[in-house]
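Some structures are shown below for you to check.
Presented sequentially are two complexes of chain A, the first with chain B as partner and the second with chain C.
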Partner chain A sequence: MTSQYIALPKGVSEKDFDAAIRDFRKILGDASVLTSAEQLAPYIKTMMPVPDADHTPSAALLATTVEQIQKIVAVCNQYKVPIWMISTGKNLGYGSAAPAERGQVVLDLKRMNRILEVDKDLAFALVEPGVTYQQLYDYIKEHKLGLWLSMPAPSAIAGPVGNTLDRGVGYTPYGEHFLFACGMEVVLANGEVLRTGMGSMPNSNTWQVFKWGYGPYLDGIFTQSNYGIVTKFGFWLMPEPPAFKPFVIQYQHEEDIVEIVETIRPLRISGVIPNAVVIAHALYEAPVKAKRSDYVSGPGSIPDEAVYRIMKDHKLGIWNVYAALYGTQEQIDVNWKIVTQAFGQSGKAKILTEQEAADDPAFAYRAKLMRGEMTLTEFSLYNWRGGGGSMWFAPVSQARGSETLKQMALTKQILAKYGLDYSGEFIVGMRDMHHIVDVLYDKTDPEQTKAAYQCFDELLTEFSARGYGTYRVNTAFMDKVAETYGPVQRKVHKTLKKALDPNGIIAPGKSGIR
Partner chain B sequence: MDETRRNLIKGMLTGGTLLVLGIPGIVQAASSSAVFSGITRDCHLLLGSTPIGEAFATGARAACAYYGHGAQDSLVTSQLGETLLVDPQYTANLLAQSKYMRWIAVMDYAHAAIFTELVRNANGRLLALGSHVSASNTDAALSLRHRWTTASPAYSAGGLLASMLVQNKRSFSIRENFLMASSHETGLMNALLPQFSSYGLANQSATHLHCAGITLPEASQLAGWETSTSWDSLATRPAASFIEHLPLGNWIETTGYAVVAAALGMGIHQEACAQRAFVHRPGNRNLDHDGLAGQQFVSFVIDV
Partner chain C sequence: MKKTKLENWVSGCIFAIFLTISNAWSAQDEKNSQGFAWKDGAEIYAKICAYCHEAHVGPQIRNRELPSEYIRRVVRNGNRAMPAFRPSEVDDESLIKLADFISKKEAQH
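Take a look at the complex of A and B:
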């Protein structure tokens, strides 16, 4: 007999699943329980080099209240049905909205989209998971609150809850998003509702201003994890500075990354350059301005000679350092002098300000991101190879020039072995670098898809062998990355999982935790 | 936050959006329509950012004229251009406003990544999502690759496209994955396209491979299975010929034709299976080079 579902959760009979679906419908209403192929298809598309069938959900639930979620987890516990939570579901290149495992029920929280509070004086926000950056941006503008957001490149269509919970980054001084998180509300697997930090205390008004509360700090265990369902989330916003000065510094040789990082690190640690600076390779910026097929055809990675032609034709450096100064004009003037002196020493750097580069589309979108404005320009990356394949490879590096050069060279070498291009950038943290590489491939080409899978696998293997850990990964490789962090951490993660979610109903497989 | 006011503003904006795009009000819309599950839906073509939009539209209008209500201009066409990257809310409003419509959309991969998200946010029903690539390398094993994820075989365009491309002597692979073979499709018979040899995956008869001009192991590999995959010959019956001599100039127009014919519910060359592929390589591959090498785009068929 043919199933009426496009997939079933692992180990759950169709009879039990039927019963669970009936109960979900009682809680949410028929229209908010999606089971047809047409309704679920938008949740299935991923950019990973594995069959979409591996990540096909059995259903999707559109919840709107905490009480509904409490009832949903009760049903899940009863029938051992696993759920996979998404907020806005924009984890593009990391698995998108699709669950980690076939048959999981997507708990889609997009309709929980209330902005609960934005405090102008204390500069914080408290929001539900479905709130998008665009929604919050509009709210702040509409109410003239004078606050800035920090957001990742999918800006307008993504949201702060999902991005921060996956420990994503932005490009303003508040770019390391989880550093600025303050207070969560979490529905636990047993249906209880936990408010972290000061939120646990009745009548407290410091939930969004003091992170730590009393006793062990818990917020961290609800990021990149499956220990609970975050239903409210507090975070700090940046007061709009009186002045803002974005700039780009271009270098012409790949080995110049050493000088760039050695120059930036002290400026970043001392706060002269306060934002999450980006050091973008020419091939990361090229899709905004150029078409790959205009420079190369045929198999294999793009040759260096073609990259240099792109740089020449489109006024790019091989490295393009995007940074900004924030503060009063006086502060900016002082810091600009320090920056230009530091970068001017070797004579290799070409420094461009908004006056010189405003018309450049790459600079324009980077400047927008550095002041927390919406732009989706970075999506141009998906046209570089075409074919719809993309995986973010995201190892962490010390903010040390020699380390970044080593990582870049190793990444480029492994990508080239599989005929893929190095579309990479470094996002500068306080003392670390997020090395972000978009592994782009043509998913319509079975050979290239196979090569992309093998390439990504080798990248993870080779990097971990050298002690380079990956900070975030797509759902197809979560187990592999979890393995690289050693058995003790995995055991602790499992112990916590068993204690908080004994039936394993919340997102099994997330970060390799079951 | 005043949600009522937000929704009111959104409603006002979306009305404006539709008018700006040249789309008449839903009630007055006179366009080609498709009937599925007892609901009649007006079909509209949405051209996003891609240089192939007009070629796709040419094929789409031809299909509309052939299978729809006669006139080529009965397919209302809207130009999205770059608005998805610049202002995604514009498209989100468009989808929110267009109830009981069937959208056929075509765009590049950058815009498609965003559009997919907007479709999900709008609770759209995604009937078919196609990825269409012409190899930029003239030495490629096959010049064209089409990959579809389709809700069910009822929305399949691959068979029709294969029958047209094979007449044009193009080399191609078409791979379709169906999320569900629902009961009303189980009556579909395996229909043999005369140029192809047909096979079913051994021990998994819901997977079909049709190949022509190429060995079975090579076809298997080019469609995404291993060369060592074991196939059994598939019992088929001759298919009726649906193809007239259409004045379609290139593979993009042909793809537009097939996508829209399927969206209109013509049900041509469909099979009851979970996945299938067509692989064709003609003797004279010089015919592949029609000046459109390297073109690629994504097609959507959605109901909102």
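Take a look at the complex of A and C:
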């Protein structure tokens, strides 16, 4: 018998699923329960090198209130129907809006898009999951609040709740987003509503200003997890500084990255440079200015010779170090002197500011990201290979120069084996580095898609064997990454899951937790 | 000095405005009961599409008289690297307005 659904949740009969869908319709209305292939099409497209069928949802639910979500989890518990939550659904390169497993019901929270509060004096916001950075940016401008956002590169179409819950990062001094989270409202699997930290206390007005509350700190267990459904989220905003000075420092040789990181680390730890410094390889920046097909054709990864021609033609360093200074002009003047002295010592650095580089499209979009302005220019990366294939490979290391060459050499070697290019950058946090590599491939080419899958698998295997953990990964590789963190952590995650969600209805498979 | 009625009225108004403003940014309750809704096709184009299609990331799509039906299909399904957009992001009614905005020549708006 042909099913009326395009997929069914694992282990759920069509009869039970029918009953669940009927109940969902009673809660949300017919128009907010999507089951047809046409309605579900935007929930299926991913950039991962696996068949879309592996991540096809059975339905999507468009909830707008906490009460609706409480009723939805009751239905899910009754029929053992798993749900997969999305907010803006733009976790591109990490799984987009599709669920982790075929047949899961997407709980789409995009229509919960109210900005509940923005406090100008205390510089915080409280928002629902569907609020985009663009929406919040416009609100702050309209009300002249003088606050800056920090957001990832898909800025305008992504949002603070989903990004922070997946422990994403941005490029301002508030760029380590979860550090600046303060208070959540969470619908638990049993339908209870938890407000974390000070939010648990009736009549408290400190929910968005004091993170810790009393007793064990709980917010962390609702990030990269499946222990609850976050319906409200508080976070801190950066007061607009009186002055802002973005800059780029270019280097000409790959081995210079050792010196770059050794120079940056003390400046980051002491706070002279307050934002996460991005050390972008020429091939990460090239797509903003150049076409791959103008330099290389046929299969295989791009040769170094072509990379050097791109650098010359488009005024790029092999490494392009982006950072900024923030504060009063006097503060910036003092720190600029420290920065230029530090980078000027070896004579290898070419330092450019807005004065020299304002018209450069790569500099312009990086400067926007560092001041929380909307831009999607980084999506130029997707034109490099074309065909819509992308996975972010994101291992973490110590912020030491010696780590960079090892990581880059290993990454390039594995990518080259599969005919893929090194589109990489290092983001220097306070003491760590995220090595971010966009594994780009043509998803319309079955051979390249297969190679990309094998390449990513090998990257994870080889990096974890050397003790480099991945901080975030797409939904096709979550189990593999969870495995690299060892059995004890997995067991603790599972124990928490059993306690909080005994029927396993909330996003089973997220971060390898079931 | 005794205040006139007009002065009292003005200061009362200012106080009322002050209360409105301060309440708007300080109360913990959910005052903004209405969620976000798109105004028109031009707004959606400016706040989503233009970041790629006017920035040399995606192809030019305006002033090409692309069929409205084609635009709607690409928005819902995505196209290669272009992400798909769900009805929860751009509702069906707004999508019709957006497709209309893109497909018509600028002079027709």
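Everything below uses one rule, namely that the second predicted complex is superposed on the first by the 514 of 514 C-alpha atoms of A that agree within 3 Å, B and C clash if a C-alpha of one lies under 4 Å from a C-alpha of the other, contacts with A are read in each partner's own complex, and residues count from 1 in each chain.
Note that in this section contacts are C-beta pairs under 8 Å (C-beta built on N, C-alpha and C of every residue); 3 or more make two chains touch, one makes a residue touch a chain.
Predicted model only: the values in this text are computed from it and were never measured.
Peer 1: Please determine, from the superposition on chain A, whether chain B and chain C clash or fit.
Peer 2: clash
Peer 1: Quick one: classify A:445 as touching chain B (first), chain C (second), both or neither.
Peer 2: first
Peer 1: Classify the contacts of A:490 with the two partner chains as first (chain B alone), second (chain C alone), both, or neither.
Peer 2: In the superposition, A:490 contacts neither chain B nor chain C.
Peer 1: Figure out whether A:205 sits in contact with chain B (first) or chain C (second), or with both, or with neither.
Peer 2: Touch partner of A:205: chain C, not chain B.
Peer 1: Figure out whether A:64 sits in contact with chain B (first) or chain C (second), or with both, or with neither.
Peer 2: In the superposition, A:64 contacts chain C only.
Peer 1: Of the partners chain B and chain C, which touch A:383 in the superposed model: first, second, both, neither?
Peer 2: Both: A:383 reaches chain B and chain C.
Peer 1: In the overlaid three-chain picture, which partner chain does A:115 touch, first (chain B) or second (chain C), both, or neither?
Peer 2: both
Peer 1: Go through the superposed model and pick first if A:348 touches only chain B, second if only chain C, both, or neither.
Peer 2: It touches nothing on chain B or chain C.
Peer 1: Between chain B (first) and chain C (second), which, if any, makes contact with A:89: first, second, both or neither?
Peer 2: both
Peer 1: Based on the superposition described at the top, state which of 58-66, 94-102 or 220-228 belonging to chain B clashes with chain C.
Peer 2: Once both complexes are placed on chain A, chain B clashes with chain C in 94-102.
Peer 1: Output the chain A positions appearing in both contact lists, the one against chain B and the one against chain C.
Peer 2: Comparing the two interfaces on chain A, one with chain B and one with chain C, the shared residues are 38-39, 41-45, 47, 62, 88-90, 92, 97, 110, 114-115, 134, 156-157, 375-377, 379-380, 382-383, 386-388, 443-444.
Peer 1: Quick check on the complex: what are the chain A residues that touch chain C?
Peer 2: Counting only chain A, the residues touching chain C are 34, 38-39, 41-45, 47, 60, 62, 64, 88-90, 92, 96-97, 108, 110-121, 128, 130-131, 134-135, 138, 143, 145, 156-157, 205, 207, 361, 374-377, 379-380, 382-383, 386-388, 390, 443-444.
Peer 1: Taking the touch rule as given, give the residues of chain C at its contact with chain A in the complex, in rising order.
Peer 2: Listed in rising order, the residues are 25-28, 30-36, 47-48, 51-52, 55-58, 76-89.
Peer 1: Which residues, counting only chain B, touch chain A once they are in their complex?
Peer 2: 1, 3, 84-86, 88-89, 108-114, 116-121, 123-127, 129, 131-133, 136-139, 145-147, 149, 151-152, 177, 179-183, 186, 221-224, 293-294, 296, 298, 303
Peer 1: Touching chain B in the complex: which residues of chain A?
Peer 2: The touching residues are 2, 6, 36-45, 47, 51-53, 56, 62, 88-90, 92, 97, 110, 114-115, 134, 139, 156-157, 287, 293, 297-299, 375-377, 379-383, 386-388, 442-446, 449.
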